[in-house]
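What follows is subunit A paired twice: with subunit B in the first complex and subunit C in the second.
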Partner chain A sequence: MKKYLAYIRCGFLEGCAYRSTFITGMLANFIQAVVLYYVWKSIFAYQEIVNGYTWEIMRQYVFVAFLCNSVFSMGFEMNIAERIVKGDIILDLLKPLSYRGMLFFRMLGTAGMEFAVTFLLIGSIYLAVNGTRYLSGIRAILFLISLFLGMGVKFCIQYLFSLLCFYTDNSYGVTKAREILTNFFSGALIPLSMFPGVLRELVRYLPFQGIVYTPCCVFIGTFSIEECVSQILLQIVWILLLSLAGTLFGKKAFGVISMYGG
Partner chain B sequence: MIEVQDLKKEYKIAKKSAGIAGSLKHLIMPKYETLEAVKGISFHINEGESVAFLGANGAGKSTTIKMLTGIMKPSAGNIRVMGRDPFANRIENARKTGVVFGQKTQLWWDIPVVESFNLLKNIYALSEEQYVRNMERFSAILGLNDFLSQPARKLSLGQRVRADLAASLLHEPPVLFLDEPTIGVDVTAKQKIYAFLKEVNQEKKTTILLTSHDMKDLESLCHRLIILERGKILFDDSIEKLFDRYDGGMTLEQIIIELFEHGTDAVSYVEEQEI
Partner chain C sequence: MKGLEGMKKCRKYIRLYILFQIQNIKSLAQYRTDFLMMVFFTLFSQGCNLGLIGIIYSNIPEVGGWTMWEIFLLYGFLLFSEGFINFFFQGAWKITNMIHMAELDRFLVRPVPVGLQLLTAKIDFDGLNKMVIAAAVLIVGFIRCEVRWNPVKVILFLLFLLEACVIRVCMIWIASCVSFWMEGKKNSLNYFVISLGEMAKYPLIIYPPVFQGIFGYLIPYAFVSYYPVGYLLGKAETGAGAFIIPFFCIAMLAASCLMLRAGLRNYESSNY
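Presenting the complex of A and B:
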């Protein structure tokens, strides 16, 4: 276990290495969150209730969803994908530990810094807009659990997509496809309950809701406590299924490593 | 220590004709051809041996090393490193081997080099005492102290390679695979590196398998040569035997050039030996 913790440390240091990248990234986050907020505000100015959501709920959802989606962002994923394409992955495979475990903890370290700052930034905007009146202790705890599990779901999906890079050289395409898919189906852009009939049903059977929609609903209270627990269990089931898929696919993918020359 | 039997590796490579038309054609109907990088080689290396892989570009040296380290699956054949199949037991194998790919680096690009070493200490669960002892020794020989606090991206090629070498030896592996470990290293540092490797080889009975294009250094470090040519073994014996075969006065470099140019004679030489 100690060796994995050492990877968190290195990941964290790596995340801190570029101050300007970090600051501009945060600035972009801030602008994006504020823009989303005003877009929804103008929608609700025309209509009081949109698919069962009131402005009261939506102005919480915007920020919580943003926070949930900001963990394990795309930069790190591009990096892994490129290591596969360029063949540098062989250096990771020369270490006596699980490749996937190593990635997870390294990512946790890199995301730790990013997340802490996003948490403070988005948290303060949330409080400035909503105040403390919607906060509840139990929900906050359940939210943190669900958020952490959501990171697990997201990581499993990212891992599966990164393995595709053994078969294609287009690391950018693979990561972008992953991002668009999760952004849309996780509820990061639009709450899933606003989806039209068939799509709404479909999304129930996909793992993506666990990344954003589940923790969001846990926090803002659109789930009852029983629903929260069952949805959290569902997240765990998805993590197990997706990691099994990752293991099976990984076995196949690592067999095709082939590089000539250096 | 290392046993290899009928080892083969085939690559599937895309076959594109030249020009725009060729590229478009490939887009719709891709054609592949198989390239045999390693065509069924066998050899056996005992504990404590230091063996050099020699061969022209594309002879299959790196491919063989990648299969020996367990990161690439052979197309056919058997490998045993310390009794284990390296691909099936990657993690176990990695614990017992040290690897340097001179073209690549295992150092973390954006964080100080010393952090990379610290990470290795945790990965291999080294004791503080062992870590400090080895770091001091490597720093003295390889001159690491000058750049330990720099991130790897700021190092020169020679510095980077020296740090990579130290990183691969930190956990004192019984087997060491070195693929062009002295790229970009200046002459004096190179001398030091080979003297150091020789010491490791003799003191700890570390088995060393390396590829390089630098004949002089190979000569001083390795007692045995395996010469590869287009995926086949041309010659596998001690360096003295190679000298015996040619008239005195030729340097190793001249012999190798001779060998590459008239490869078939050498094959028959190996066959004679077997009879």
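Presenting the complex of A and C:
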């Protein structure tokens, strides 16, 4: 465990060192959140309720979704692909600890830094827009649990995509594809319940909803408490399934590395 | 006499531009699978972006008085100009890196304008793909919006599209040129400017006055999509704005040139 703690620290410091990457990424997401805020605002100026959502709920959703989405936002696919091409990846694989564990704890450290910054920013904006009237203790706790599990789901998905880099060597496309998939299907942009018929059914059976939609709904209260618990359990099931897939796929992927040097 | 010489010079530069780009295209043949993958991912991501707008509209009839296809037109303008930069002037993105790695030195000693060399420093085939998608969106959008075309409108449309491209190239150019005064490897400003494009996907009127001011005049995204499309669709509120665009274009081109000049004067090579 001590080795992994060292990686958390390492990740945290890395996050601080590369803060400009994080800040630009966050700003880009933030602009998107602001745009969506005004789009929804203009929509709700015409009609009171859209698909069961009122303006009161929506304006919480936009900001909470942004918080969930920007934590753990730095994908590590690019980094891994670079290491594969350079051959440095072998150094990671040779270390006497699990490769995935190393990645996870490093990301955890970085996420800690990101979360602190984003939380302060979004927390203050949220309070300025919505005030404290919608907050409740039990939901806040469930939200944090769900957010943490959401990070787990996100990590598993990123890990699977990063393994793809072993085959493609092209990180840009893989990263883009993953970002788009998660943004679209996780509910980061609009609540999943607004999706039309077939898509709505489809996202129910995809792991992405655990990243943003589940924690958001837990927080803003569109889920009842029982629903919250069952959705959180679903997140855990997805983490287990995805990490199993990661293990199996990892075994295959590590076999295909061809070294160009190192 | 001077005019003739100027024309000669111009022709020479255009020829050089084409030669440089052909060289770039050759270098791309090296990464054929990469290219195919990018085609796929671009299609996929633009599909998702359009899908998102579609999903929002499946719940509501209009945003700020604009229907779905009208919004798609905004999107088409934005995407086309983006593709245009990627394909023709992707070099504008590389300035930061070139300054940092002192690659610019190489350009300074050649008897070709530095601006031209910088613009052709890179090519991104993805841009072609984006332009094709954007063109398709624009065509379908205009058919759906039932715009009554006449020759003047067609010319205006092409002019608007060109102006949108020019404005965006200049935006990135200016943002990148700030690197001349900045230390360090990264200049996030151009990335930030691109991210702001998100705003231009929806009509300007939905934003509060402060943002309208910023996007109308400070970072003129409103002139890339909102004013031209609004004018073509005959929206009342955009009439005057559409006619200021050419002046904006000229002002931005001038600003870009000045930025490069001032930047080069300020340039000190780093010790790489």
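One rule holds for everything that comes next: the second predicted complex is superposed on the first by the 238 of 262 C-alpha atoms of A that agree within 3 Å, B and C clash if a C-alpha of one lies under 4 Å from a C-alpha of the other, contacts with A are read in each partner's own complex, and residues count from 1 in each chain.
The working rule: contacts are C-beta pairs under 8 Å (C-beta built on N, C-alpha and C of every residue); 3 or more make two chains touch, one makes a residue touch a chain.
Note that the structure is predicted; figures quoted are calculated from it, not measured.
Judged by the touch definition given at the top, the superposed model places A:K176 against subunit C, while subunit B stays out of reach. Applying the stated contact rule after C-alpha superposition, one finds that A:K2 touches subunit B and leaves subunit C untouched.
Once the two complexes are overlaid on the shared chain, A:G255 sits against subunit B while remaining clear of subunit C. Of the two partner chains placed by the overlay, only subunit C lies in contact with A:N51; subunit B stays clear of it.
When the two structures are aligned on the shared chain, A:D88 is found in touch with subunit B, with no touch to subunit C.
In the superposed model, A:A140 lies in contact with neither subunit B nor subunit C.
Of the two partner chains, subunit B is the only one touched by A:S98; subunit C is not. Once the two complexes are laid over each other on the shared chain, residue contacts for A:L13 go to subunit B alone; subunit C is not touched. Residues 2-3, 5-7, 9-10, 13-14, 17-18, 87-88, 90-91, 93-98, 254-255, 257-262 of subunit A are the ones that touch subunit B when the two sit in their complex. Partner subunit A is touched in their complex by these residues of subunit B: 9, 11-12, 37, 57-58, 62-63, 66, 69-73, 90-92, 94-95, 97, 99, 101, 103-106, 108, 110-111, 115-116, 118-119, 122-125, 151.
On the subunit A side of its complex with subunit C, the touching residues are 20-21, 23-24, 27-28, 31-32, 35, 38-39, 41-43, 46-47, 50-51, 168, 170, 172-173, 176-177, 180, 183-184, 189-190, 194-196, 199. Listed in rising order, the residues of subunit C touching subunit A in the complex are 33-34, 37-38, 40-41, 44-45, 48, 51-52, 55-56, 58-64, 186, 188, 191-192, 195-196, 198-199, 201-202, 205-208, 211.
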